[in-house]
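Alright, structures below, take your time with them.
You will see two complexes here that share subunit A, one where it goes with subunit B and one where it goes with subunit C.
Our next item is the complex of A and B:
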């Protein structure tokens, strides 16, 4: 019976090629579609986490819900050492946050004061790459780096001085003068409009924090190991006053928006698969109708309806399997090419405040497995109706058709 | 029949006057206006010079600032901090709707942007706007006398609603004043959703050179736990001669 199915496949090459082509194109399309969106999402996530918030953050419990100058982490150096000892942790970096007024010349704006440990921040989030003008912190005291948007608003540039006014933890009005040594572009417009980076020691002096910090950001070696590493850090620190949160919690709204977006992708994928399924149904139905007479003869010779049914289904299944193999090769290589070269977008596109100019695809198991399953299932499913039709043919009338 | 109707009407009027509106004798438009004017000018005269103490209490720290405050008319204010040491010499100048702070440590005069007017003044529970009181109750609000559910005898209650084109952020204000001398007792600030946001209490009524004012103002924010700021007049002089030179940006940096 399988032999007959095989023979049918090769007997009518053109028909087979047409059916297979529908499946191959469908497979490749949906594979690229998935690879593309996987690539874009993992780019977005890695830009968002790796370059900004980190994969995991440690705060005083409750800080994330309601950040306060007074909710500090004591002895962050030793906690950092503990975190560094956890398997899978690539880097960690401490941060200080406060709000204040920044004044350059006669322009004044509300700013976000961010204290960073330069060496660690560079290692963890490649802070040096964000500097678009000027330089990164040297060892000199009282240097400031402004976000690009803030610099524009304050009409400030490298070499000028900025006065920061804020309130220290002692309640007194804190103010000091800083030299602007660099302009930074984080890729997030909202941050860049507010951010004024200081060296961590200067920030601690200004805010009277006495060696304390608000946040420790942790970079994991791999994104998919974040949940495990989060748990491991929690166990290692073992302090009820501190809270260890993965990026999904830190950037809750960003994460949710992205999940919702991926749901939207599912619909696109289903539409592609529906088109493929209709194409397959069409060719299989045609090939069965074409051979009505043949099936009539088979029936007349005593072939059981179930055998005829089996022949048709087997035929389609073989074509589907062949198409999947070819489609997988096409899809994977296309995705691979796109993952290297990417496609530059005609217009900048921003997601969650991150600006993209080039989109890259990714070769993932998902991008091959999902289309494979859909092509196979939909091919078998649509072959059932023509197969049933062939099986039910009345030999006498069938043999009379030409 | 007619007579009966008239009697009934008279009776109704008497009833309305007697019970529904216990402040009827004061309720005319002009009288409310005079109360509001009184509130507006309570701490203001043509000029004033005062020594004040500002005590700020938060869960994390407690501190007291000594201030000297000069005012002229409704639109000029100058404040200098004399203690503690860390803030000594910090000055604030406001003319009309513009405001500047001078910080001796950095030797800089910083103009307070309009967006920061509702921000805290020197870490207290008073906003920049409170301190320099640009908004005039008389001009920026519509007002009427009300009788709240928990009204106490001997007090009048005035409701203030910001005029539509005013920059005021509050939804409404309610001020209680003593009926006999019209001195305010408290002021409640509500947001636009009608939530009570802060309570300003007026206490310790003292006479300074013929002007009777509550010498203590206590601001209690309702959305921050265990925070309050108490401002106390230690010494005040009203309607004295003040040189116009005081209200200049040059004076900010004068030692």
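Our next item is the complex of A and C:
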């Protein structure tokens, strides 16, 4: 039976080639679609996590749901040392957050005070690269770096001074004067409109935190290892008062928006495969119609309906498997080229506040496995109806056809 | 002799655009083992329909058919397939070889369905090819053979699994008279040697002349049933 199915492929070569082409084009388009989407999301996630939030964050339990000045991490340095010991951790950095008011001259604006450990922040999120004007923190006290949007609103620039007013953990009003030494552009417009970076020691002094921090951001060596590293850090810290969260939990809304976008991709892929399936159905129906007499003869000789059914499905499966191999080569090659050269967008676009100019694809297992399964399943699925028709052929009437 | 085929009131009515067409009208017939019988009659008399019905390829609208003692109407689709595979060999007017298979593969097809081991299949194919005069042609494709050679392959395919009955629908219609006579001689010889039952549906006077029983159909009924001496 398999021999008949295999040799039937070569009977109407032009039709087989056209059927295979439909599958190959469908596979390749689907593969590039996924590779492109994986590449783009990988870039977005990488920029979002590496440059900003980190891959994993450690907080006091409940902080993420309801951030509070008082939910602090005690002894962050020893915790950081434990985190550094976990396999796959590239860097860690402590942070402090508080809301306050910032005044430059006669302009006042609500700000987000972010206390950072300069050395660790540079290692973890390349903080130094975000400075567009001025310089990064020196060893001097009371220096501030403003987000580019905030600087614009306050009409502030390097060399001017900013007064910060906030509340310390002791309940008292805290205020101090800082020299603006730099302007930073994080790539996230919302952050840049609010951020006022201070050295971690200055932030601790202002907020009366006494060596405590609100967050430890962790950078993993590879994105796909985040779940394992998260579990390992949790085990290493082993403190019920602390919460270890991967980036998907930290940036819930960003992650959900991305997942929703991927659902959109799924619809696109399904439309491609539907077009392919209709083409395949048409050619398989045609071939069953042409071979009606032959199937009638096979049945007359004692071939069971299920065996005739198998011949039709096997023939389509053979074409699908061949198409998948060729499609995989085409898809992987295109994705590889696009992963190296990318495509420059005529207009930059922003996603999750991150600005993109060039989009790159990625060669992933998903970009080959999903089209392979889709092509195979849809080809087999559309062959079921013609196969059923062939299996139910009445031999006496089938042999009257020409 | 034991009966191979028994029919009782076999009727077959087709619907042609809602108009009933009576192809067979209550045929009662018994065919014994080893007969060399021909169903004859004008076009539309019901020869092929009767052949299809007694071989289980078509279902009668009414009446019963016993083949080798088995009532065909009691069999499911799969059981009927198995029964045809093991009991009936078919020879068609248009040869109906499977074009993608070689001569050997066409002939061994039924034995493959019967799960006969490869070595035995090969041996039997070579033996029957010698018998039908096509020794050495086992690797050819049907398209590489003449009409007479293709019909020999079809006969070899029908006989290789040694079924009790061979049903041949106009086997000589597409052949010239010389080749037709040769094939007929061959089938006659095999019938005499093996006691295999041969039932032909034919218009060919040569087949009629060789048949030891002539069953003449007219308007779906048996008009005459004539048994002749060999």
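The working rule: the second predicted complex is superposed on the first by the 324 of 402 C-alpha atoms of A that agree within 3 Å, B and C clash if a C-alpha of one lies under 4 Å from a C-alpha of the other, contacts with A are read in each partner's own complex, and residues count from 1 in each chain.
Everything that follows uses one rule, which is that a contact is a pair of C-beta atoms (placed from the backbone, for glycine too) under 8 Å apart; a residue touches a chain by one contact, two chains touch by 3 or more.
The model shown is predicted, which means the values in this text are computed figures rather than measured ones.
S.K.: Determine, under the contact definition given at the top, whether A:294 touches first (subunit B), second (subunit C), both, or neither.
M.R.: second
S.K.: Look at A:305 in the shared chain and tell me whether it touches subunit B only, subunit C only, both, or neither; answer first, second, both or neither.
M.R.: second
S.K.: Once the two complexes are aligned on chain A, which partner has more residues of subunit A within touching range, subunit B or subunit C?
M.R.: C
S.K.: Tell me which partner A:399 touches in the superposition: subunit B (first), subunit C (second), both or neither.
M.R.: So A:399 only meets subunit C here.
S.K.: Applying the touch criterion given at the start, work out whether A:165 contacts subunit B, subunit C, both or neither, answering first, second, both or neither.
M.R.: It touches subunit B, and subunit C stays clear.
S.K.: Show me the subunit A residues, by the header's touch rule, that subunit B contacts in one structure and subunit C contacts in the other.
M.R.: Residues common to the subunit A contacts of subunit C and of subunit B do not exist here, since the sets are disjoint.
S.K.: Provide the residue numbers of subunit C that touch subunit A in the complex, in ascending order.
M.R.: Residues of subunit C touching subunit A: 49, 52, 55, 57-58, 77-78, 81-86, 90, 92, 96, 98-101, 105, 109-110, 113, 157.
S.K.: Give every residue of subunit A touching subunit C within the complex, in rising order.
M.R.: 3-4, 7-8, 10-11, 293-294, 297-307, 394-396, 399
S.K.: Which positions of subunit B touch subunit A when the two form their complex?
M.R.: Checking each residue of subunit B against subunit A gives 56, 58, 60-63, 84, 86-87, 90, 101, 103, 105-106, 108, 110-113, 115-116, 119-120, 122-123.
S.K.: Along subunit A, where are the residues that touch subunit B in the complex?
M.R.: 70, 101, 103, 106, 108-110, 163, 165, 167, 169-173, 175-177
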